[in-house]
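First chain A sits with chain B, and in the next complex the same chain sits with chain C.
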Partner chain A sequence: MQQNTAVKYKAIVMGGSAGSFSVVSKILSNINPDFKYPIVICMHRLKHIRSGLVEGLRLKSNLPVIEPFDKENIEGGKVYLAPSNYHMFIEIDATISLSTEEVYNHSRPSIDHTFMSAATSFREKMVGIILTGANKDGAMGMREVHVRNGYTIIQDPATCDVQTMPNASLQLFKPNKLLSPQGITDFLNSL
Partner chain B sequence: MAIGPTINDIKEITAALSLKLKLDYTNYAFSFLRRRLALIYCTLKIKKTETFLEDIQTGKVTQDFCYFFPVAEDELFRDPSFWRSLRTKILPALGDNLSFWFPELVSAEELYSLLIILEEEKLTHKAKIFCNIQSCQRIEELKQGKISLKNIEIHKSNFKRLELHSKFEDFFTEDNAYAVIDEGLMQNVAFLNDNYFNCIPNQQIACTLFRNRMLYYNGKMQCQSEKYLHQCLGKGVFMVLGIKEQISKENELLFELFDNSEQIYQVL
Partner chain C sequence: MINITHKEFLQELSKQTPYDFCDYSDNSIQRRIHRIIQESGLNLNELLAKATADADFVERLVNDITVNTTELFRNQDVWEYLYTNVMPKLKSKKNINVWHAGCSTGQEVYSNLILLNELDMLDKANVVASDINNWVVKTAKDGEYPFRFNAQYIDTYNQLMSKIKPNANPFEYYFDIDKESDKMKAKNFLTDIPKFVKHDLVAEEMPFYQKFDIIFCRNVLIYFNPELQVKIVRKFFDKLYDNGVLILGSHEGLHGFVKTHFVKNGMVYTKNKTFHLTYK
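On to the complex of A and B.
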């Protein structure tokens, strides 16, 4: 496990439901301002509300938070938030591609889609983190990250408002770490 | 049991499709091709890639492919603020030329949204709408004027956000599991049964609706498409992209941004 943290990552990919906003805010407000990896976040959100979430995260975050356009490059030290009503995929050339394909797991954006594509593109050179949430979206994607030897972190269900999402992942594989929000922040700051 | 295509399968399939349908499928975004072809393998119960390739060459599956491959829009008035902009900013700027073009229409929702806005503004009789659609089955469905009631609450919620004078029920009647649009709204719609690289409208267009279509292209094909559309459209013609799309850096001198938040451009 220690070996994993020594390799260079291409991205940190995080997923959670709408209720994970406070956890994501906490992590981004305590992350080192010189954090060098890109952070890609897929959070369930209201379909028809285009603004508010990214502005809210910008207020808290030590890193710039971007709601990316299609085909935008992923760069280190920036946070990329999946736009409302679009799925967000990570391509092999480290660009973002968006899609209006069918709703998946009752969600668009779907966390599974983001994790699956990131796992395919980055394989062992990514960290996948699943946070608190009220449905199973993200569990299959996190399993794919695990299968492709990415580093996996599940928010400790004991620290979650709703445990469905982390528990669904725990039923599919054993993660590298089970951490509280503060533990996740400390881990990221140690990279 | 259906299988999914491998990387080599995808290369062979897209090459065969490009030849057969005269559109460069090799330059769709690769991850999209992988997902979409996997869906087609599953839907059409394809068991062998060799058989699928033969069926493409003979034309046996091309209509099915044209039906299932493009991503259908599933909301009427997706991004209501765009449709408000169309009504309050674009329509007043068009003058007498009310000709619209959907270079790659897939589903009814996008077309019917435009038709309702035109009817609200009492412009239906003056407008002409051209729609390129590769699937014959899609064209027949669109002509029937039906949309599924599955997403009716989303449709109505988006409609409410438009703050029109009319009611949703003024445009649709319910028929079993469908809402059927008033057929009078369809009077000036023309369907072109080919892709937009091979067939374009036979009159000057004033506004092109191309929302969320280039998401599925790779960068090379997006550039080609933008250049081609720039050539087809005259100076000042509106071109609308999805709210999370942008004209590529390579072609940014060909278009001028008209509305930044809705990604509405005008040809330079």
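On to the complex of A and C.
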């Protein structure tokens, strides 16, 4: 599979909730500094603790971490983190749209919204990764990635702080891979 | 009958009702309409037929298409900046003209009035607040909100005040709280001040003659396409006094040439009256 060099991705899209901060920082601190794809991340966060998340990730990440503005282009080698209190959609022209519409799955940002829009825009040209988390947000979106032939990775529940989120995805479809955080990092570095 | 497209739906809607959503951002308006289709079980033809026949249904449609998220003291930073850097400079003026464009249910109208009161400037406040959505304008006018959902903003208020004015009035000075019936209501000395109007930023001329010191337009432009964004921001530019400020949402920005007409500081965009000297 890793020999399949013809496959070009437009983005790596990741979602997570409870426990995912340490997983995401681990991945970003071990990713190749010349990683060539954009990484789009939607993580649930506490609404009124606005700082900390992006700063924390910036400290560890080998790649620049950006909280994008509306209509910003996504570019290779950069990490885009959904801003607090906005839904983040990925459009077909590889730009980001933000929205303050209703909370979805009790969440804003909602991981389902990000995955759904990315799956519609990028189809087989994306990798969807769902991480540890305490609710079902993201599962429907990951299934959409799967249905549209995107490459899907679910964090191995055995390595999750909270298994609800990966298990919700596992109930809906069979992913291409079930991986530990280290496994996810190795996979990304092999692309 | 052949199913009409989103675009055709919006074009027909704009011809047959007062509402023109044609220049809203394609993707976001399609997602909104898709959601309405799913929830109502009606297709676009049926939605259009109902909208043409039933004026109340149109208002409901507008309510569902537009996004009405707002909160008290959203993004503390911007309120801190207003209180510390913008409002004190207006103190010598006779009137302080403020426009909340897309005021939704009005929480920011009251946030602003509370800060003006804490600066002893409430008597100068000349505030208009507008929204395309009839229903939210009514809520804004009443200043009445569900308590449980909004209780978290009391903490926001206390946090903000501990930074900018530790001896500020308590939250209860501004709102009557009735936990049993799950209500909180802005007091009359606040609700009496603003003039609330139903106004469509896109389709209608500005209904005001005065210029403004502060225009709030938070997380409204993100739903418009780039051309419409520029058009609306130009109107804001014309409606601002020199050095007046436009307040946007925390992650939206100005696009196109109008960007050069303002000096950005976080979410606060100050009208740059010298732009025409350098803009060539």
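Here is the rule we use: the second predicted complex is superposed on the first by the 184 of 191 C-alpha atoms of A that agree within 3 Å, B and C clash if a C-alpha of one lies under 4 Å from a C-alpha of the other, contacts with A are read in each partner's own complex, and residues count from 1 in each chain.
Throughout what follows, a residue touches a chain if its C-beta (ideal position, glycine included) is under 8 Å from a C-beta of that chain, and two chains touch if they have at least 3 such contacts.
Everything quoted here is computed from the prediction, not taken from an experiment.
The superposition on chain A brings chain B into a clash with chain C. By the touch criterion defined above, A:Thr100 lies against chain B and chain C together after alignment on the C-alpha atoms of chain A.
In the overlay built on the shared chain, the residue A:Glu124 is in contact with neither chain B nor chain C.
In the superposition on chain A, contact of A:Asp156 is made with neither chain B nor chain C. Using the contact criterion defined above for the overlaid structures, shared-chain residue A:Glu91 touches chain B and also reaches chain C. Looking at the shared chain after the overlay, A:Phe69 reaches both chain B and chain C.
Touched by chain B in one complex and by chain C in the other are residues 48, 50, 67-71, 83, 85-86, 89, 91, 97-102, 117 of chain A.
Interface residues of chain A, counted against chain B in their complex, comprise 47-48, 50, 67-71, 83, 85-86, 89, 91-92, 97-103, 117, 120.
In the complex of the two chains, the chain A residues touching chain C come out as 48, 50, 67-71, 83-86, 89, 91, 97-102, 117.
Considering their complex, residues 25, 27-28, 31-32, 67, 69, 75, 152, 155-156, 219, 221-223, 226, 249-253, 255 of chain C touch chain A. Contact residues of chain B toward chain A in the complex are 29-32, 35, 71, 73-74, 78-81, 154, 157-158, 161, 212, 214-216, 219, 222, 242-246, 248.
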